[in-house]
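The same subunit A turns up in both complexes below, where it pairs with subunit B and then with subunit C.
After this line comes the complex of A and B, so read on.
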């Protein structure tokens, strides 16, 4: 098994440089923004973000941008083909029109889980098929967050969303499982694919550092605790993110050169309840009565996942 | 003027040649009947080195127009083509990229929209893009297709415009009809349309910028939309400037609306695209019978040349606006636009008839034109007039009989 040999060992190794200035229109405690902030530290300032409609669209509201690099708002299903057009054009200009290499840009797509799993899914698959040289950053808050938290294909079983509420007839709330985007993307063999957590900054930074020097589709899924949608205090973001890793609910891993490696392994997995009980979206599993079956199913699914690797 | 070569080309090939002579650098493409010959031809030319740049096979028209727009925003000359359902599928992207204000030329090969599904042309597809901020040029002949693409880049790339230009041609009737097309000498084309240099900032590392950021509040939104409106309106003057320059280089003058035997015409057909050729032929035949007919052909459809249309139609007694499209519950789509441009005109026609015909490629023949004349002469002619007669009804009844027969068997 390959071990990620990262350039960063300690927090203080991370770049002090910031590519996103503070004071954006995003919610306080947004886990995804923390992930993007640290990722961009590794990539440098010569980037263009093609953005899908979603929470992160509020990063740039005219006439402001918090970014050192460039920004192009697209549509909910269109950021990846937009990245294709930019990448192709920079290549054409460098090859035929004398554009200097130093004018090149890292083309990055920033999209939520709704765009990634649902409306932009096909276009993303097509770009991986075309071996588009780009970085994809999916901030996964497991629902359509910007519209008020409705079900997306990334919403987990047992969570309540505005369009899958828990009722007497549908106690679990969401009754279907989260789409396994990592495995689906992996099937297309992108050059690099990783999940990252804002609670694992060194792991995250090392993954972006590795991806930076590769060519082709480099796909990131960032666990993005969402205070407003998940129902917790903004100050608890890191704790929630940590519990997602420690319970094994969110596996931190990478796919590179044909192998999946879990880059951060929970030593002894905590019961999933520890993660669930802190969030309003799972409160119906504990109140007014405990739904042991639903909690048990969530636990079983996590156990089944890890059994493959233990 | 350098010598041109004259070759036989289909409308689709003429479109591909237009893109080739414009030295387009990027073509994101997705196939759809009847547009495929355009992208196939361009794919070959990029593959064999005739064209320098990149041809990218995209996964949908939504993606294709998005890639075309972002490429325009990054600084190359972009071309793409679509049709019908493809236009509808890409509609969100079309609205998006006109807002990005990125120049390019898009060719639409008109085909009627489902449901029911068909391959033959009418104009509901192109007119669905009426309000999205594209400049629109509608072509009657293969030569116009070629010429409008060259002119289209000059208009799209003009600093006062910076908008995509859509050139429309009819599927089948023009896309697969060969006509002689003059292809000018490359040097002459370059002196009319130089190689591309962006007139607006484009994405590159030394020039970070945020583009198409969200806005809060109607006033800011309105500011951007009014800029788009002004740019689109600027395109009419720009068209005329470019047309004059085009004439200097190539000897063909295009005006926003073409007037055919209009001077003394008592009856005027207003038409567009390839069926205008049928209209012109009918005009000549009617004149042989002593009926003073004429035709006004719409070339520049967006921006809408209302004044040019009004002054062309003023003083003519009877006008029939032939719409090869249908807005159910309303009628023809261009009819109200023509009427609006005539409203304030003192010398406006006594009668302006709306005619719906040519849907799904249905022919408009000499008898139809005669029926329009007769209808215009009736004192209480209803409007719109649908070009759908007893023969069409009985033909459809026969099909229904077969459908019922099959039902009875199963």
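After this line comes the complex of A and C, so read on.
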């Protein structure tokens, strides 16, 4: 197994630069914001974010922006085509119009799981195919959070959303499995692909530091615990993120040079219930009566996943 | 017609409170209308909700600009320019504030009732701060035209799906608040006709003036989200060993490293998610309930 050496080893090594000013309208305790904050620390201020409509629309609300870099707001399906346009413009101007190299920008797409898995999915696949030089940051809170938490292709089996509540006819709530975006993107062999968790800031920072110096599509999927949609107290965000990793539900991994490496491995996997029972979206699995079959299926899926890597 | 406007924060149950009050009015034999108004923001950001209750058909639509009763669920909003809870109030307006003290400067101009709903909620609702039942009970009682059984029925209706324990807590809470508060004297407002604004014709401007371009990057810090806080994290510097875990875990990046290496919380922007208090390895960050600053 190839071991990639990180640049950060402890919390105090983290980049002191804050790329996102406080004062944004995002929910208190937003897990995705923490992920983006850590990522942007590494990338510096020379960036242009193409943002898909979603929760993070609230980052920049005219006439205010928390960013030192630029911001381009697009439709839910449009951030990647926008990134292509910006990248091409920069390249052409640098080549023919005398734009200086130091004026170059990192083109970053920031999109939610709805945009990444559903609406903007095709355009992203096309961009990876064209080997577009950009960074893609997907904050995955497993539903359309900004509009009131409706089902997306990233909503996990057994969770309740606005459009898939637990009912007599559909006791489990969501009855289909979460799309495995990592595997789908991996099949197209982007130069770099990683999942990150806000609970693992050092791992996250190292991954962004590594991606910064590469060229081509660099894809990130960030586990984003959502106090509002998942139904837990804002202060528990980090605890939930930790349990997602410790139960093995969210594998923290990277794909680089043809290999998948789990960069954070739970030593002994906790039962998935530990993660499920703290959230309102899974409460119907425990109350008024326990749905052992559904919980068992979730556990089996996690076990099956890890069996491949044991 | 009675016009009631409620102010609170996302997640406190303000929208539900307006629905409960509307339903209670309906059960007491009146016509009712209720709806919320909020921007793109979510939990913690100011929310406004409206209820109209009337003996006759309600033909009026849209936000209430001159309310008979203003219910303020969160005292920290009194100073908030975005929420502006006192907007449209005149000396006849009845104001209710969720607070443990009487806002003196307010009381000299308006008829004000102040009750500490927060403590009652914590007591009845298993330490949760959701004001829906409490605020609707306060509104119903101040109005003086709604019977207690109708209010309780409305609370029960709006809370379908909650556990029986939570429902019982809410009913007890509503009952207790109904007993504490006395009906207010609400004087009939003179009916002034609404005047339409004159049409404004759009002008063509050059792109630099017309397009939404922000020339001062990072200016989001001008917006103070500090008043979202219900509880304030406080670092115990006697014990703190500067491990900076709080700095790494804060989603909004409002904890910075002071020149002497200590973590420092920016209270102008801290939204009070309390992740830092939860995550501090030695539990050296305490939490203190915020109290509002009255105008």
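Heads up, the rule we're going with is that the second predicted complex is superposed on the first by the 310 of 310 C-alpha atoms of A that agree within 3 Å, B and C clash if a C-alpha of one lies under 4 Å from a C-alpha of the other, contacts with A are read in each partner's own complex, and residues count from 1 in each chain.
Quick note on the criterion: a contact is a pair of C-beta atoms (placed from the backbone, for glycine too) under 8 Å apart; a residue touches a chain by one contact, two chains touch by 3 or more.
All values derive from a computational prediction rather than experimental measurement.
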Which superposed partner A:69 touches (first subunit B, second subunit C, both, neither) = both
Inquiry  = With both complexes overlaid on chain A, does A:157 touch subunit B (first), subunit C (second), both or neither?
reply    = neither
Task = Quick one: classify A:61 as touching subunit B (first), subunit C (second), both or neither.
result = both
Key: Which superposed partner A:29 touches (first subunit B, second subunit C, both, neither)   = second
Ask   = Which of the two partners, first being subunit B and second being subunit C, lies in contact with A:89: first, second, both, or neither?
value = first
Ask   = Touching A:306 in the superposition: subunit B (first), subunit C (second), both, neither?
value = neither
Message = Going by the contact rule set out at the top, does A:104 touch subunit B (first), subunit C (second), both, or neither?
response = first
Query = With the two structures laid over each other on chain A, which partner does A:78 touch: subunit B (first), subunit C (second), both, or neither?
reply = first
Query = Taking the contacts subunit A makes with subunit B in one complex and with subunit C in the other, which residues are shared?
reply = 57-58, 60-65, 67-69
Note = Within the complex, subunit A is touched by subunit B residues 25-26, 28, 52-54, 56-60, 62-64, 66-76, 92-93, 96, 100, 203-216, 220
Query = Which residues of subunit A touch subunit C in their complex?
reply = 11-12, 14, 16, 18, 20-31, 33-34, 37-38, 57-58, 60-69, 146, 198, 201, 227-228, 234-239, 287
Remark   = Listed in rising order, subunit C residues that touch subunit A in their complex are 10-11, 39-45, 163, 212, 214, 217-225, 228, 243-245, 247-254, 256-257, 266, 268-275, 277-279
Request  = Using the touch definition up top, name the residues of subunit A that touch subunit B in the complex.
outcome  = 45-46, 48, 50, 57-58, 60-65, 67-75, 77-78, 80-86, 88-93, 96-97, 99, 102-105, 122-123, 125-127, 129-130
